[in-house]
Amino acid sequence: MPDDALSPSAKDAPGLFPAPPMAEQERMVEAILFACAAPQSLSQITARLPQGCDAAEALAHLRTRYQGRGVHLVRVGDAYAMRTAPDLGWLMQSERVETRKLSRAAIETLAIIAYHQPVTRAEIEEIRGVAVSRGTVDQLMEMEWIRLGRRRMTPGRPVTFVVTDEFLDHFGLESARDLPGLKELREAGLLDSRPMPGMAAREDDEEDDSPQTGQSELFED
Amino acid sequence: MPDDALSPSAKDAPGLFPAPPMAEQERMVEAILFACAAPQSLSQITARLPQGCDAAEALAHLRTRYQGRGVHLVRVGDAYAMRTAPDLGWLMQSERVETRKLSRAAIETLAIIAYHQPVTRAEIEEIRGVAVSRGTVDQLMEMEWIRLGRRRMTPGRPVTFVVTDEFLDHFGLESARDLPGLKELREAGLLDSRPMPGMAAREDDEEDDSPQTGQSELFED
Amino acid sequence: MSDEWEETETVAARREAEALIIDVDGFEGPLDLLLTLSRTQKIDLRRISVLALAEQYLGFIERARSLRIELAADYLVMAAWLAFLKSRLLLPPDPTEEGPSGEELAAHLAYQLERLQAMREAAARLMGRDQKGRDFFMRGAPEALAVTRKTQFEASLLDLMRAYARLRTRDDFRPYAFDRSDIYPYEAALARLSSLLPGASDWTSLQAWLPEGWRGAPNRQRSAMASTFAATLELAKQGQIELRQSDTFAPLHLRRKSDL
């Protein structure tokens, strides 16, 4: 907002309506400073307030009100902002979390584990059609989204993977069996690819129950 | 933010030290909530505070302190956040974020999910008398206003939809039971799943298997 | 009847047709249409005359039909159901008839309308609430909780489900590969037919021309029949053979063209 938004005449002209009481002006300034991303100058604040308000006085009241609180009203150059009280800075000293999208390999591996658990590495590779790199599995394990399940009682006794409670928590699921089946994905419009014409019905019947069968082992005992 | 994101100092603080006075705890919670845009759960707040602090009590004090101010402490599901007072929204016109315009179908679907949750796709279609179009559910999920609930324990085990904490936050609701007019709708029987006369009473199965989850049960405690 | 009157009538009819088209487009299904029609009764939905409503709806559909407006199947299904309901409501109850009474069905329809109306109102009230980012705001300058950096990988449930859907539907697009062992190629049929042609001066059914070992199993026979038939067409086109069929779907007969 330009600083000259308020022409002198507008400022001096007696408002059509009386200015709100000072307590109300203080509330307004409080809301503005809270919601604005950048510090606000006196003229910027004034421009936002109704006619006849005294931003400087409201700021002074607000500053007093926040004295000794967990948050202070501070002056930044010519502008004003709310900031954490310096003595509480250590509360913010937690880890800075940078979020990054999971790789396609990782999300696909995770999806297969979620839908087919408990599932072996060989089975994941069979479904994806490519080898699963060690790094992918390690990453998912480190994120605590997957863990080792029971060994499969087949030759070689391969380890299996299952999803964790942490996974369910992150994805807002109550259990892995709440994941929708293929038919439901399609109905919800979540499938990018359309089935071949004429094949839809038959294919749906077949595929719909396959996630269930994969998980029955885990849940039905 | 993970729950275990304990700041180093809090982690190291031995239980030997007495917890800070309540006024100090209140300041700390104030600083934390001002610093975070997303609502913070009680356990997230507790994890940041020194040992022995009572986050719940500090929150209660803080809530009272901000009553009638330009900024409020609000509850969102199981979490807490600071938000500007709704009557001052007009001051922040330049901060407004344009949300995607929702279609009438999407708005109705959202309302049905909120009032009837957990609700299946078939039930939404029965209420609206028309198929839920591809993309409607998708859009609401992408906006993070709805998520998958527990599967219904009826034949076919259909997935259900429920509203999210983000939905509550967006519409300024503490919980789904604060939805406007919910009680009246329930008393008028308009939230019952009433089957078409002569159709199999699906209702009975539902009530056996999905206790305590329905909106209608929210009031029976 | 003056021309002028006729003129105004057609204009009126056209207007009406237009209004109807617009209306049909504006409705979200038959229940929505019924709800709108019910408003003309100007009474509480709980005391609505379902019979009158059914007649209104059927009248609407009739008008749409006479104006040759295409209606989605849903609307016609509802029309059929309402016609059934109307007859149940009008005729004295048949004691031998099973199932719910007309009154029960009518009550349920009224309930459905009331519920839809209630959800509409609830939706409007919901959207009328103060909304985040419009009426109230979160902290505009959240403070960076900085110091140690840690990468957290993000993925939404939607990403997960899409990844799975992508994997599971990949097979749809795999080129269709069939088992060659049960396929009798056209080239083989043509070569075989050509070589046998000199001895075919009498009418012989197409069936008899199938090679040994291709007459038993249905899928093998089907393949051989198809390619042999295609080969006869080619030979007939070349003028080497004649084809004869006594009736539709009757066996096809062929012989060498005699004047060759």
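Letters A, B and C mark the chains as written, and numbering starts fresh at 1 in each.
Keep in mind that, in the parts below, a residue touches a chain if its C-beta (ideal position, glycine included) is under 8 Å from a C-beta of that chain, and two chains touch if they have at least 3 such contacts.
This structure is a prediction, so every number in the text was calculated from the model and none was measured.
Among the remaining chains, those touching chain A as well as chain B are C.
Distances between chain centres, each the mean of the C-alpha atoms, put C farthest from chain A. Chain B has its Cα centroid 14 Å from the Cα centroid of chain A. Distance between chain centres (mean CA atoms), chain B to chain C: 38 Å.
Multi-chain contact residues, meaning those touching two or more other chains, occur in chain B at positions 1-2, 34-35, 82, 84-85, 88, 92, 95, 138, 141, 147-148. The set of chain C residues touching two or more other chains comprises 137-140, 143, 145, 152, 157-158. Contacts from chain A toward chain C in the complex involve residues 31, 34-38, 81-84, 92-102, 104, 106-108, 110-112, 114-115, 127-129, 139, 143, 171-173, 179-180, 182, 185-186, 190-193, 195-196, 199, 203, 207. Chain contact summary for the complex, chain B toward chain A: residues 1-2, 5-9, 26-32, 34-35, 48-49, 68-71, 82, 84-85, 88, 91-92, 94-95, 121, 133-138, 141, 147-151, 157-159, 164. Chain contact summary for the complex, chain A toward chain B: residues 1, 26-32, 34-37, 48-49, 68-71, 82, 84-85, 88, 90-95, 97, 172-175, 177-180, 184, 187-190, 212.
The touching residues of chain C, when paired with chain B in their complex, are 28-32, 74, 99-100, 104-105, 107-108, 111-112, 114-116, 118-123, 125-127, 129-140, 142-143, 145, 152, 157-158.
Taken together, the chain C residues at the contact with chain A in this complex read 137-141, 143-170, 172-173.
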